[in-house]
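The structure appears below as structure tokens.
Per-chain numbering from 1; labels A, B, C, D and E assigned in written order.
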């Protein structure tokens, strides 16, 4: 059993609080991603799980057992560093053997395991090379193999794919996910790239300034962001967030976008949530791929805007619309024929709008 | 990974011993510098670790040649040797740093100078005494013997390797793009060196100068060979302080030793972080 | 503004070839992008244009005039380096003033220009600060300001926004594009991020080991890659390739039991079928199509990538929205011949483009 | 087409090369000034019996030409080989001891602890003392009624008044102690830099793979410090071979020839025996020997480097 | 066997030396003319009738005054003439051993003028003294010669260095000026007793090259009180069969040394002789030269070394053996520390420069004893060896101080005149008596002078005379400095167990042969044999 529980975990460096009262349960055999911008405390959290850093407050349990007194080298945890931390003065074989040798594993067992790992990682003909001659991709494989060979119950990865070239990164994402399913290890994966988090993780913990913003499955975090930070951080291009005021012209609520005019609300779910809003200043959120570009007709819920920029990015085209001080992005698939300056109406998607309290940034009316 | 408590105690004990041993000789000289003439040599039984009556007599002696304790006739006071040490060290440093910096930049940036780097390093390999005869003859021939410029020139040459290699490592760390950015704006190479690269390594230049100054200030053998009377430096003068008549003038020499030891220690600690790079000719950076 | 032209250019350092047989003409006011993996000669091109490095053979023309051996000053080009190369010991104002003072421009003119550039790039409050006290984005804007301030013939930029974080990169590339369009400068932009290249470039050149593999507009290159190398490079998630043979109008790959008929193609022999993940259609297991199993599912919010195994080959399929597939379940794939490209199995050159 | 031709340079690059040559001029001149002319003079003088007391200028040395008489004499000069042997003895004892003490201290200072900066500065201080002054310090310490005997008496309880500097063996030991005191900090400084230079991540990786403190040191830190150790030993040995200041001030090479190093021997030949031509010969002999060792050393280091990369 | 020097209660070795030299304040202010130089000829009135110059202001001053017919008078007159002709410098620069400058700057007798003031008032030419320690004296002169820095007009150096400096053209011949100005150095009544001793101390290669300032014959002093002590008398007599007293042979001297080692409170050492590097050579020479009748030379007439014969090896073994009865720490001492040990009562006997009693057997101004041995000293002629009923007693003249004129000086004649004035018998007698410096009497006039007797004590002066008559020169050929260094280094190495006596002597001999070869063998042999004439031939009766 290798579930990981973080209870009121806090870490202070002088007066900087890197991790602030983090409570998280990583169930056994699950692949959890710690996602957030640089400096949000994700690596510090991982270091504390690994035992490299000591928590200022709170505790860490592995399968219910408190890890406070157990040093890093006794926690039986696999760890892959962003820059691989390969022992450059040793050959590939010696790197793979290191973990087993220091634990005093018996010679023949070491030979067997290393051979299996070399086959799995297709590193057989590289075993006796000096690591300084390996390519970046091969270094990555040795780094993972070196930890995997000790067959730890828990595997921690610190942005392992960020230095790889695009093609190999996509391949490795699939392989990593598949390895995790096969070996059924509890995996914690630190990254700042929301695409990697979405594609790999069973659950994503979004962190910012040391605080847990949201913890849920990729789709939950993507579809039901708890606040403007998560909304903005997930998705590429990011969600459009338009600050506006709730006005209840004639009983029903309407969204007043100031210099971009006001727009009625037809969507029942959105209306329900707007009623729960405590104060009038809100932030209205729409995903770029959910927005429809329609000709300007009166009565349709949306904002009259003008095309300010077009970005063709192969499989998709990102159309930039602007009105007054507001500007939004709309993602269309394939080549979307539209001229610069065209006057259009951005139509609000049914049932896929988000509303946040302007002051606290928290979502309004989520179950 | 917090260490168990007992290893802290062990660590502190050993460090305190090491620090004690490092300070003992300096402490003994410092206390001796303030001991009056009578306490210089005491019988072995009651050694005066601390001067019973502190006195500035020793300092007074080396600067004026007179003090109530010792009246041995003495040719000159310590004032001139201190001036000699200062002048020759500073000038030597100037020569080494200027020649070293220019050479280092040329080699680092333009890959010219062929044998210069190795040639300069080889200079450091030989015991000064092995090459001193011809230099002594040449210095006599040029009338440079016992002159401030003669000694400064040799100091400049002997510490050139340090200045050269130290500055080369600093220049290697300056990103090429910054210089190319200036070139693109039409700067001539020298203006790039003068207005862009040099200001960026100002602090390193100062540290190199201090490092070279310490080396010149600490020299004994070259000054012993190339000076006679006028421009004798502190170490040479200090060694001549003991005379047959007065025997070892412990107090006076200790006072002078203290004065000689202060500048290098102060400067040394100031440039602590460049010491490794300096002493290994840039082979190793902290 | 000026057009830039490199004709018959070769440059090598000792026996390592930096760039070879370069013939490139960048039109006036064009946002031209140079794209390729790290160390494929991109930066050498810029240094050749700037005059920091001389070509072994060939000529460099700016605005039609030969400048092959002219010093950088006479070429009136401005460069923004990858590490921005701001003068660390000078304030922002001094950094901006440097190009002007070097040209002996008199005081009042220098002040005027600095203030106008600071205005357009919103860096007026930063004029007194040293580079070390600026954020990544601010430093980047000051570097651009330094290039803008003397109104050069053309701009050269070497991966200027590579060091910024994702969000800021997306905004900065749009701002760069807008700035180029408003000031209508000729801009040569080097990057190894293919999304960035496609979003900003009017035209782009794909480089491999010092040679140009293809020149064209982003959509041209995306839709009609002239070789397997270019196809692999452009597009995220990357294009799928299936090796097999092509004979009398039909492509067959036994292991993956893929058979696709492409009419109007007469080639025969080893060939590689290539199809973009978004062009593959997944059908239920009872429908006609290539028999396959679901290997992995990567939900990405706006769309989902489904990794499908046919034979031992993994094919990535992009599906909009957030469908869920049961791992290992059987499906059928449909390769629409109109969406398939065909490359020569050996040379990797294009045989036939998809006709959609 | 790919014959090895000179790279084509822009005018800018050519200007750079010429400026570069001018900038190396001062350093080249200084090098020439100290190396070229004096070495020729030294060779010329070393082939004769010329001495300062012959009443003629050095360029008349040809009057007493004896070709390789001086060099022949070196091989039969017991005092020369005696002092050379003594110098190597000092290097052979002092450098390893300084190395071990330095390594021990470096291990003590490896991780952070309160007060580290202060102790670190104090530990560096001995190296910065003017060597002649350090020599005088230990001259005072080793007096028969001096503090060292006082400490030893306190420790041993019995009255210790050994005469350190007048006894041949004890004089040698006291000179070594002085040198060790002054130069152990150099070893400490370099080895600590080497130890700290080991990438942080590799140590963490080793820990997470289960390595305890000993494993970490023995398998990660120590192997990576090999080059640093070689640098420290080479630099210290070269400098130690030139030992003069401390030794000359403490014992002047005495008692008798007990602590006479090669440098002191050359100085006595220069000032006491005034045999300048013989000194010139010895000087050249040492230059050639050291250069050979250096060339072999550098060749070996490069070979090791290539082997490491292959 | 390192018998420790017990520091006696209270006063240290340093204080003892200072106390003994209390009478002579070594003034520090060398180099600037004394402030009390009287203007005009006020002092002239005090001169005896007919005298033109000399000291005034104390009883008996007239003995040292002179007129134009005397050596000093002629020198002063000539100096004044040169000054009038503008051929004299503002200041005459003199390099002198640090322990001798006091002769010129220390007023003696107390109420008399200093010699420097006498010269300056009579000639109007200032004197500037540059001090140097005896070990570095020769190197300093040579450096000035070889580097041509022309820092001094007058050099002082050991008489043995005349050869080196003449060959190096560092000093100029003085014969011509001596005749022109009539110096009284070789005057048989007042100056040098025999032409041989004159040649030895003033000439090189037949040409007078310097003026002798210092006799430096090694004279023995001993603790007379201890030999007259009845307890010691009896104990010594029944052990050795003869009454303790001045030893006649080296064997007797060693017996005394052996007996007195460890006696007395605090325990003293029998052999107080100088054994250290540079200074210890004279002690070895003293043992060696009396190993044959009439003399044990250093080289035979064909230039073969004799020091490594059985006689030389025996002398060296005895020299090493004598270390058992001396202070082991002494190997690092200079001459003043040996004096200090004797003054503190830690040594039984000491064979050193003849000025020893001048510093040790003194009385403070307030009548208290100057040192622990005041009034307890006696001296004796050099011990020797018996050959049948001949007793060969030999001492050596080692180091010493001669004045020479620098060949680079622009005022050579004037520099010579200063040497003639200060080296002539009258002024030199006043000079050598002066406890401010360590120059020793050697001229006949000095021995007869009452003031000299007062400083040197009447029991010591006749012994000095006898010793000078029995003294022999040490190596005085070009290259002597290097040859002496080799001898000194090998002796100390042998004494500290680094070599046996035979190995030490063989090594020294080999090195000396090499030096001869380098300098030209036959020329050197000629010089060595010529110098043999200067060796004493006095034979005493057993």
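Simple rule for what comes next: a residue touches a chain if its C-beta (ideal position, glycine included) is under 8 Å from a C-beta of that chain, and two chains touch if they have at least 3 such contacts.
Since we're looking at a predicted model, the values are computed, not measured.
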Chains touching subunit A and subunit B alike, please list them. C, D
Select, from all pairs of chains, the pair with the highest number of C-beta pairs in contact. B-D
From the mean C-alpha coordinate of subunit C to that of subunit D, what's the distance rounded to whole Å? 57
So how far apart, in whole Å, are subunit C and subunit E when each is placed at the average of its C-alpha atoms? 98
Where subunit B and subunit E are represented by their mean Cα positions, the distance between them in whole Å: 42
Counting only residues that touch at least 2 other chains, which ones in subunit D make the list? 12, 144-145, 161, 207
In subunit E, the residues touching two or more other chains are 7, 146
Tell me, which residues of subunit C touch at least two other chains? 52, 71-72
Would you pull the subunit D residues touching subunit E in the complex into a rising list? 49, 51-55, 73, 78, 144-145, 161, 163, 165-168, 254-258, 268, 271-275
The residues of subunit A that touch subunit C in their complex are 37-38, 165-167, 170, 173-174, 177-178, 181, 192-193, 195, 198-200, 218-219, 222-223, 232, 234-238, 287-289, 309, 311-315, 318, 320, 331, 333-335
What part of subunit E is in contact with subunit D in the complex they form? 2, 4, 7, 139, 142, 145-146, 164, 167-169, 277, 328-332, 478-479, 481-482, 485-486, 489-498, 507, 514, 518
Enumerate the contact residues on subunit D facing subunit A in the complex. 199, 201-202, 204-212, 215, 219-220, 223-224, 308-309
Which of the residues in subunit C come into contact with subunit D in the complex? 12-15, 51-56, 69, 71-72
